[in-house]
Each structure stands twice: as structure tokens, then as C-alpha cells.
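Take a look at these structures.
There are two complexes below, and they share chain A, which is joined by chain B in the first and by chain C in the second.
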Partner chain A sequence: MEFLYYFADVFTPLSFGLLLLGTIGGLILGATPGLSPTMAVALLIPFTFHLQATQGLILLGAAYTSTVAGGAVSAILLKIPGAPANIATTLDGHTMAQQGKGAKALQLSFLASAVGGIFGVLLLIFLTPLLSQWALAFGPSHLFWLAILGVTVIGSLDSASVVKGLLSGCIGLWLATIGFDDIMGAQRFIFHPSLGGGINIIAALIGLFAIPQVLTMFAKGRQDNDAEVLVVEKHSVRDAMREIMRRPKALGIGTITGSIIGLIPGVGGQIAGLVAYDQTKKFSSEPEKFGKGHSEGVIAAESANNAMVGPSLVPLLTLSIPGSPTAAVLLGGLLIHGIFPGSDLFDNHPDVAWTFINSMLIGQVLMCIFGLYVAGLAARVAQVPQSVMAAIVLGLAVFGSYSVQSSMGDVYVMAALGVMMYFLERFGFSAAPLVLGLILGPIAEANFIQGSMIANATNGMGSYFLSGALNIGLIVVVIASIGYSAWMELRSRRYTSKEEIIG
Partner chain B sequence: MSMQSLPRLQHILASGVVAAVGLRVAWISYTAQPSEAFLFPRLIATVFVVLALWTFAKAVLGWTKIGHGISTGQMVKLAPGLAIALIYIFWAAKAFGFYTAGTATFFILLSLYDPAPHNEAKSWIKRAIITAGYLLVMYGLFAKLLKVYTPREIFF
Partner chain C sequence: MRHLIASAAVALTALTGSSTLAEGYPERPVMMMVSYGAGGATDFQARIVTMTAGNEDALGMPIAILNKPGAGGRVGWNWFATQADADGYTLAAYNIPHFIAQSVKGGVQYSADSFEPIANWGADPAVFVVAADSPMNSMDDVVNYAKENAGKLTFSGAGLFVGHHIAALQLEQAAGVKMAYIPTKGGGAAAMKAVIAGDVMGGVNNLSDAFRAEQAGNVKILGVFDLERNEFLPDVPTLKEQGYDIDNASVNFRGIMVPKGTPPEVIDKLATVVPEMFKNPRIASKMQAGGSPMHIMTRDEVKEMWAAREETLKELLAGL
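So, the complex of A and B:
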């Protein structure tokens, strides 16, 4: 119950102000199609430099939580999911809005998000200290395999192509080695003076997540944002609460499914929402109503995608393995303040860890309250033309990456990586594993070198890195995640080709 | 060139570039000195090259299923915006100062991609107001709030 000691820290004027700012801003950003939660958090990181670590993390955590929930606004009112996590919400939410029940759908989505989100953060509170103590038993070889596991799991599970996902991870791991070697001081892969200090993680995150979005908007040309915002009629919040209470099965399935999926690194909110929707439909007494504006569809999808947020931080805060691309960006936010996840975080910086986690709990309540009232405004923001959005994001990316170290080199690196990622994405490569490789690369290398030294002084590399229950367990998980993803990819291709034959 | 063969050629080009980078990384990792500093890069480069060559071979054989490439139409729409963004980042930001170059870039991009008609004074006034708002917000955020000293050069 250590977390209770740090509750008051969330309510200092600056911390609470940042929590409010992150929540309201996140709701509006989340509602804006094209601005993903990952990109929103990446663009916010430069603003946290001037803050203390705790306050910076409060801002980022609030933005993460509320962008996922805010995405439901455009999913329901515009039929455009604000984020991939809100795809399942569109299925029934927009139909409800078309039937004149837009306000009810929005209220249900925010209430379900809050219930799921609070459950997810409670899981985070109770699981994290246990796992972080377990992480103390990890030596260099285990930490090396954990870092590799982080890259391979996201590389294989988060990508449409397993090989290209893993290749993206390799590119990220290689990019992490650019600059001066820590032990020998040797120059490695410095092809341009801008790379002398290595690749700055924040500039890279901004480039990899923001610039491809900007270029995607450019590639659509002079396109009108012709999505029509459906009129929201008044609906009592109390009635929405009663409706939620009448649908405990949908809420329970959504919350539990989202929480479990959140704990699995690499499986994002999109999967959580869709799996919860599908399971709720299977167990519902009215499955025929799904897709026709059924409130259970909205409740299941939204409780699941927000329940995923808290648990996705469990592997991040304990083992340095981000559960989602946004969690990877949060890891970058931790590292720039010199804080390393794991036992170090809870033993040496308990104030930072617990205040951040507590703020996420309070943030869920704030998100629900503001969500119910600013949804209409968020929907208007969602109608901002893509040309304006693209130009704003480009400006923020340039100023944000420059402000990290007041270096034009970082701006060049940001732009080069962003343009490269845009084109790579067109060919099936993925930004998430690349970012994971870039973030986990230094951890993997430091532990690999340390492990090699121990191995050379003892039984040799093979014995040190490939034996022992924990090493073997981690290797098996690495192989299993790759094997499972490859099997799923082959199965889906077989299914597609069968469809093509029939078609 | 038929429309169907375009993505295949693009896949070959893209995976070829990735494979070339992988081979270069591997070459440096295995030949550069001191070799101890390249122990981890050698490990990464080996996996990198294997996966990159596999991807390249699949592209050459036409077995690539993931990724739709980029169509000529998309490229035509993208090119002006990309060119302006690159000029802004790699030259204008430093030459004219962040705020001047940023504001000019914002206005040009808005004019290029805004669906509002180009022959109406009203839409130009709207663009000018949005641009002025953008300048105010960026200056307020970065110069006043975060106190970031950006290159000012000939303007500000």
C-alpha cells in the first residue's frame, strides 16, 4: 500500500495543473484523426524537459490515457477512429449516433473507459512492485534476452510482416549503436557530423511517429475533411450510468480482456478493443443487435482499450519492455530524466514511480468528467482540415526536436528518420519495433558486453547466455512469439488467397 | 510499365536499399577497428543482413505480400509538400530564422493543401489569420514559455 503515501503529491498546484492540461489536451488530440496517441506523447516529450521527472511523467501519462479515450469521439460522431484502439467503437458507436443517440454513446464510452482504465491502473499498482522485486534476480544475460524479447515481440506481433517487423527491430538496434562506443571510445557508423553524439532518442521518436503522419496527410492532397459531425442530442448522464450497470457482462469482458491483452508486450489497444467486442458479442444474449447500434458494443470496446493502458506499463516499469508503442515513448521520457525502470525505479525513485501511477488513477476520473463535457468541442477540433494539422505537426516536430539540445543536428536526424520511415511503412516496415530497437539497443549492448566479460572469465559465451532456466525460458518466449506470428501471418494469407479464389 | 508491376519494382528498390545498408553495416562491423567495439554491431549486422537479403529475394521473386508501395498520384500530391518541408528543415530554418521560415512554410503548405478555393479573398484572409495564430502560439510556447533560443539569423 506504499502508493497511498504519494497520493498528496498529485495534488500540488503544478502537478494537478499538468494533469488537467494533459487530460483535456489529450482528449482533443485523441479526437483528431491522424494524431495517434503515440505521436501526441512523442510531441509532448520536449515540453517535459523543463519539468521535474514526476511532473513530466504526469503530463505524458495523462495524455496517453486521454488520447485513447478521446479517439472515441471521432469514432462515434465522425465514423473516423481517432486511434487504432477505437476501431471497434466505430461499429456500434457511430450507428448509435446516426440513430440520434450520439450523446448516450459518448457518455457510455467515457464511463466504460473510466471503469476499464481504473481497473487497469489498479492492476498496475498491485503487479508492478511484485514483478520489480522478481526483476532483481536478473543478471546481464537475462537483461540482454529481455531487451531482445522486447524488440522481437513487438517486431513480430505488431507488424503485418514478421520478417519486416524483425528487420525494423534490427535497423533500430543498429541505429542505437551509432556514435561513440561507451567502453573503447571508438567511433561507430558516424557518416555525418550530426551523428557524432549518436541518435537522440527524443528527436528520433518525433521523427519516426510524427513525420510519416505529416507526409501521409500531404499524400492525400487537397482533400476536404468532409466527415459530417452528427448532431448530439442531450442525454442524462445518470441514465448512461444506469445503462452501464445493466450491462455488467459487457463491462466485465471488456475490462478483463483489455487488462490481459495490455500485459502482453506488443499487443496494442486495437486488438484489445476488437477481441473484447468479439467476445462480448459471443457471450451476449442479444448478439444480433451488434453492429446495429448496441450499447454493449461501445461499452466492451471502450472499457477494453482503456483497461489496456495501465497493464501495458507493467512490463515497462518492471522489465523495461514497453507493452505498446506509446509505452515505448514513455520509456524514452523516463530515460531522458535518468530514471531506469525496474527495481531502481521503485527503490531509488519511489516518489516518481508512485506519483506517476497515482496520477494515472486520478487521470481516469478526470478523463471521464471532462470527456462528458468537452466531447462536443473535441468533435469540432476533429474537423480541422488535414492541411492545417499537417503544417502544425511539422512545426511542432521541428521546434520540439530542436529544443531537446538546441541542436540543428537533431532536427536533421528527426527529418531524415521521419522521411525514411514514411517510405519504409509503404513497404510493410513498422515504426514500433524500430523505436524499440533504438530504445532497448543500449540496454541490450551494455548487458551483452557485461555478460561477455563474465562469460570469458567463467564457462564461455554459449554456457553463459544459453543455459539456465531463465535464459532458456526467455529464448523460448522469443522463438514462440516469432513462430506464433509467422503462423498467424501464413494463416491469414491462406485465408486471403482462398477469398481471392472465391471472389 | 503496367500498374501491377509498379509495386513489385518498388519493393525490389526498397528492399534493395535496405539490403545495401545492411551489407554496408555488416562490412564495417566486421572490418573496423578496434574490433572489440564492434562486437555487438557484428551480432546485429549478421541478423540484419540475413533478414534484409531474405526480404530482397522475396521482392525479386515477386513473393512480397505486405505493403502497397506508393502510387504516382500519391507521389505527385506528396512531392511539393515534402520538398517544401525539406527546404524548411535543411536550409530555411537556419538561414532565415526558425520563426520566419516556420511561418512562411506554414502559410505555403496551408495554401497548397487547403481545400478552400484559391480564387476567393475570404479563404486567403482565413489562411493569413490561421498563420498568424500559428506564429503566436509557437513563439509563445517555445520562446516565452520554454525559453528555447532558436537560430534567428536575418529575421527572427
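So, the complex of A and C:
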């Protein structure tokens, strides 16, 4: 209960002002395509040079929580996920926006974010010592199986058929091999200097999601300009709250999956949303509605990616190991004020540690309030005529992919992948499994190589990868996941064939 | 085309008198490329040491940091060697031995001759760490275990052809043992996690990160891969003191450089101003607070160090 003593510190005028600034600024930065939470926090670090440690961290903590939630805005309205965390949000969120339910989707996403986020921070407050052990439990072999578990999700994610889902996942896995291999330093498929660093994930996200959409809008031409304008349904916040209450399963699965996955160093944030989305779909009573603008999809994805924020800081705050890129940036923000995370932080600077954590808790609430306030206004974006919209999205896509590392190479990569995806979509492939392959490929590969090096030096591959409770547990889940997908595929096939007989 | 413009610009400045350029420089903010991601140790330190650049007694113009991360720094340095303008407005941070080791290994578009050093700001030696509950308490314990179990002692480091890897090679050579070096993806932090979690039996890591981990009670530091003990760890002996003939070839030197072809007046101006700028007490206190050891060297000293490093690394990496 120690954290309660430091609540007053959050509400001093300067601290609260910074908290507001961080939250609103974070929402805007998060909603800008290409500015991931990691970049937003990194951009703010120079400002903290002139602040005290506590105030600097309030700014960074507030920005971190709200950029993750802000990413949902561009994911829902423009179908550009601001960061890998928001990929799953596009699946149902953008479809809802197209149906004129953008306001509702945004309200649901902010409410779900707040619920997930607060739960995650509470975990950080109460269970940190326990959770730090769990974060350390994952060695190379476990991370490898976890990545494989992610790959099994590919088949069932947002695709008309399992085969096409797996195929586009494979394209993603191949794209992930481009560039210098991180462990051995070997060069793979580098035909152009801009590919030297591999395919940048943010540039790829923008290209794969935004460009096909832009091309589709342009391809329609001018003639049906007026017919496309949508009526944006007004949606009251109270209705949104009621909707959230009616979907406890999606909210629960999202929050818990996000918290668990967020803990694991190196994997966490990127796939929390997608795994939660997939799990919710599998446990839902109406799985066929997912991908067609179903509110459960948005709730699960957004509660998961904000629930991951709190636990993702556990390894940093207790063990001084940054578990995610954003945590690494926050580590820099702490060090610059001479504060070493770890036991030192809680023993000698409890005011800094708890004020920081409290500010994230308050930040979640503020983020939700501001988010709900702008949701109605922001949803009007859907009313912009398509030709104008296409130009704006294209501009944002170029700006976003350039700003990741100030490189035109990323813009070319974005454009090339986007055009490729446009044609793939025509053949029924979808972008989400491809991106998942792109994210999981390097995780699986690096951990397999590392694990096999350790195994060869010690007990041999078989016992290293296949023994131990955690390994076996993960393998069982992998098999169950594949089995479930196969069973669903077979069942739906039988169903269609019956239809055909009757028809 | 760019070279044409560059040489035309050089010719033009020669016509108008070279002194005017040095006097006028810098007229606008200067950019500094860091070939690692925002928040990493190099980025973090680069931001601190350049924060006073805008002062009147320094450059009088701010230095903006531009991150070009990827492939262990290769992406940024490739860009710097081939595409950066040699006009003094584009600087870069260097990491020794990383970029020299990479150029010795091949497959990149730069070598030590592609760049002109300006000044060095920091030196982060590699250290050998084991988990806090490890039975090993000295480097002799480590080497004895490695002798009894040839090739079975696993130890982590931040990757291949970086300071940690060089230190690992030196240790194997000096002690005459075979060990299993496990490069991790995700830099020093991931390598440290592997040690603390017990995935590996030991590891080579940055002194600054190891110092923090030791403070937190997670690891023991058994030796420093440097010529002298470090002020942050006065009680930890160097490898040499423990009887292994290892010099400072793996120490991670960080500093500022410009591309080859930058006008000599600009290089001279930077070479005189920048080391003085690093001596600012505000910078020293921020670096001290962050646990980052400072080591200021002038252009001539850095030139010597680069040449010495290249020779050692060519020898060390010849067998790989």
C-alpha cells in the first residue's frame, strides 16, 4: 500500500500539468502513423533534462501509456496501425469505422484500454517481486516455442482460408530474413543498401495496411464520390460503457493475455494484441462475426495492448533489464537523473518510483477521458471524400515511414510492400498474418540459434528444447492451437458442403 | 554527382579564402548520426555530451542527434561513409572496436580510412560477469572450469565482432581454453538477462551495465578487460592482474568523427572545440550519474588508437 503515500505528489501543479501534457501529447503522437510509443518517448527525453527526476518520469510515463492507446485512432480511422501493438485493432475497428460506427469503435477502444491499462499497472504495483521471477523464467528455448505458438495463430487470423493465411505468414517470415542476420552478421537478400538494416517493422506496417487502401480508393475513380460519404452515427459514452460490460469475456481474455505476454522480455508488446484477439475469437460464441466489425475484436485487442504496459516495465524496474525497446528508452530517462532501476530504485528513491507508477495509473484515466472526448469528433474523418482521404493517407504514409529513421530507403520499402499487398489482397490474402510472420520470424530464429548453441555446448538439442515443464507446457499449447484451427477448418468445410447439397 | 558538387564547393571555398569558412563555421545547427537506436548506451551518451554544443564557448550551434540503427551499426556507418555530406554539418558517433572489427571482417562499405576522428568522449571496458549465486568467484575459477569441461562453459555477449566478442576471443587465447561464446540478439541487455536468468554460466558485458546489475545484487563482476582498474569498480582486478595477458583492445571507445573529405579548416576547428566541450562539468556530472565512464582524447590520440586497434583486430580476427 506504499504507493498510496505518494499519490499527492502526482497532483502538485507542475506534476499534474506535465501529466496532462504527456497524456494529450502522447495521444496526438500515438495517432500519428509512424510515431511508435518508443519514438514518442525517445523524442521527449531531451525535455526531461531540465526537469527533476520525478517530473521527467511523469512526463515519460504518461506519454508511454497514451501513445499506446493513441495508436488505436489511426488504426481504426485510417487502417494504419501506429505500432505493432495496434495491428489487431484494425481488423474489426476499421471495418466498424467503414460502417459508420467509428465513434463507437473509438469509445470502446479507449474504455477497453483504460480497463486493461489500469489492471496492468495494478499488477505492477502489487505483484512486481513475484512477476520478475516469471519474466526471467523464459530462456531461449521457451521464447522459441512461444514464437512458434504465435505462428500457429497465423492460420486462423483474418483470412478466408487457413492455407492463404499460412502462405502470407510465410511471405512475412521470408521478408524477416532480409538484412544482416543479427547473430552471425551474415548478409541475406541485400540487393539494395536501404535493405541493409532489414525490413523496418513500422515502415512495413504502414505500407502493408495503408497503401492497398489508398490504391483501392484511387482505383474507384471520381464518379461515386458522393455515394461513398458515410453517415457517422452518434454514439453515447454510456452506451459504450454498457457495451463493454456486456462483453466481459473479451475484456477479460484481452486483459489477462496482455498482462502475461507483456511480461516476457523481448516478445511482449508486439504480439499481445494479436494473440489476445485470436484467443477471444476462439473462445467466443460467435467467432464468425470477427473481422466484420465486431465490437469484441476491438475490446480484446485494445485491452491487451494497454494491459501489457505495466507488466512490460517489471524487468526494468526490478532487474534493471529493459524488456522492450520502450523500456530501454525509459532506462535512459532514469539514468540521466542518476537513478539506477533495480532494488536501489524502490529502496532509495521510493518517491520517484511510486510517483512514476502512480502517474501511469492516473494517466490511464486521463487518457480515457480525453480519448472519449475526441472520439466523436475524430470519427468524422470517415466523412472526408475518398479522393481527398486517399491523398491524406498517402501523405501520412510517406511522412510516417520516413520519420522512423530519417531514411528514404524505408519509404521505398513501404511503397514496394504496399503495392505487393494490393495485389495479394485481390487474391484473398490479408496483411495481418504477413506482419505476424515478419515480427515472429526473427524472434524464433534468434532464439533457436542461441538455444542450439547453448544446447550443443551442454546437454544436446533434444533435452534442451524438449524437456522441462515450461517447454512441454508450451508445446502442448502449440499442438492444441494447431488442432483447434484444423478442426474448425474441417467443420466449416463440412458445413459448406451441406449448403451446396441443399442449394 | 554529389562528389562533383562537393568538390565544386571545396574549390569555391578555396577561391573565397579558406579562413572565412573556418570563421563562419558553424552557421547552422549540426547533425550527428548515431548508428544505434534511441535509448541505447551510445545514443544516451551522445545526447549528454552534445547537450552544451549551443553554448558560446562551444560550437555556438546545437547538435541534433539522428538515429540510423540496424545490423549492429553497419547501416548507419555505411550511410555515413557513402552518403553523408562532407561539409562539417554531418558528424557521426563511432564505436571502437565495432566498426573496425566489422570492416576487417568485410561486407561493409567503410574502413578506418573512410572517416576522420574528431575527439573521444568515453571508454566503457568489457567485464566478465557471473550470476550472484554462481560458485565461481575469480577468473581462475572460470578458466579452471573451462579447462576441465572443454567447450562447455557457456557465456553470453552482445553479438559477433563487437567489443564483447573481442574480449571473449582474447580470453580464450590468453588462457588457452575453448569456451562457448553465445552471441545474443538485442545487445548487452539481452546478454545480461541471460546471465541473471541462468540461461548461460557467465557473460561478457559493458562495465556500466554490469555495475548497475551488481548494485542491484544480481551479478558478481570477476574481472575488467582493461589496462587499469576502473574508478567505478576499484575492487575488481583487471584480467592482467589475474595472470592473463589481455590488453584494452575490447574497450568500447565512443567519440565523434566526420567523413573523409571534410575541409581541413573545419576538422581543425572541431578538433580544438569538441574536446573542450566534453570537459564541461555539467556533462561530467550527468555522465557520472548515469554510470558512464568518461575518457576524453584529442584527435591525434584517437588517430593513434584507431591505428593500433586496427592492427590488433586484424591479427585477432585472422583465424575466423
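In this text, the second predicted complex is superposed on the first by the 268 of 503 C-alpha atoms of A that agree within 3 Å, B and C clash if a C-alpha of one lies under 4 Å from a C-alpha of the other, contacts with A are read in each partner's own complex, and residues count from 1 in each chain.
Note that a residue touches a chain if its C-beta (ideal position, glycine included) is under 8 Å from a C-beta of that chain, and two chains touch if they have at least 3 such contacts.
Just so it is clear, the structure is predicted and the values come from calculations on it, not from any experiment.
Asker: Check whether A:Leu424 is in contact with chain B, with chain C, with both or with neither, and answer first, second, both or neither.
Answerer: first
Asker: So in the superposed three-chain picture, is A:Ala469 touching just chain B, just chain C, both, or none of them (first/second/both/neither)?
Answerer: Neither partner.
Asker: I'd like to know which partner A:His50 touches here: chain B for first, chain C for second, both or neither.
Answerer: first
Asker: May I ask you to decide whether A:Ser406 touches chain B, chain C, both, or neither, giving the answer as first, second, both or neither?
Answerer: both
Asker: Considering only the touch criterion stated at the top, classify A:Ser161 as touching first (chain B), second (chain C), both, or neither.
Answerer: In the superposition, A:Ser161 touches chain B alone.
Asker: Is A:Asp344 contacted by the first partner chain B, the second partner chain C, both or neither?
Answerer: second
Asker: Check chain A for residues that touch chain B in one structure and chain C in the other, and list them.
Answerer: Correct list for chain A: 46, 49, 183-184, 406.
Asker: Over in the complex, which chain A residues touch chain B? Could you list them?
Answerer: 46-47, 49-50, 160-161, 163-164, 166-167, 170-171, 173-174, 177, 181, 183-184, 186, 188-189, 214-215, 217-225, 385-388, 390-392, 394-395, 398-399, 402-403, 406, 408, 411-412, 415, 419, 423-424, 426-429, 444-445, 448-449, 452, 493
Asker: Touching residues of chain C toward chain A in the complex: what are they?
Answerer: 37-40, 43-44, 47-48, 51, 66-72, 74-75, 78-79, 82, 102, 105, 107, 109, 151-154, 159-161, 180, 182-186, 189-190, 192-194, 196-200, 212-213, 215-218, 286, 288-292
Asker: Taking the touch rule as given, give the residues of chain B at its contact with chain A in the complex, in rising order.
Answerer: For chain B paired with chain A, touching residues are 10-11, 14-15, 18, 21-22, 25, 28, 32-34, 36-41, 43-45, 47-48, 51-52, 54-55, 58, 64-70, 74-75, 77-78, 80-82, 85-86, 88-90, 93-94, 98, 102, 105-106, 109-110, 112-115, 130, 134, 138, 141-142, 146-151.
Asker: For the complex, which residues does chain A have touching chain C?
Answerer: Those residues of chain A that touch chain C are 38-39, 41-42, 45-46, 49, 136-140, 179-180, 182-185, 187, 193, 196-198, 265-266, 315, 319-322, 325, 328-332, 335-338, 340-344, 405-407, 442, 446, 450, 453-454, 456-458.
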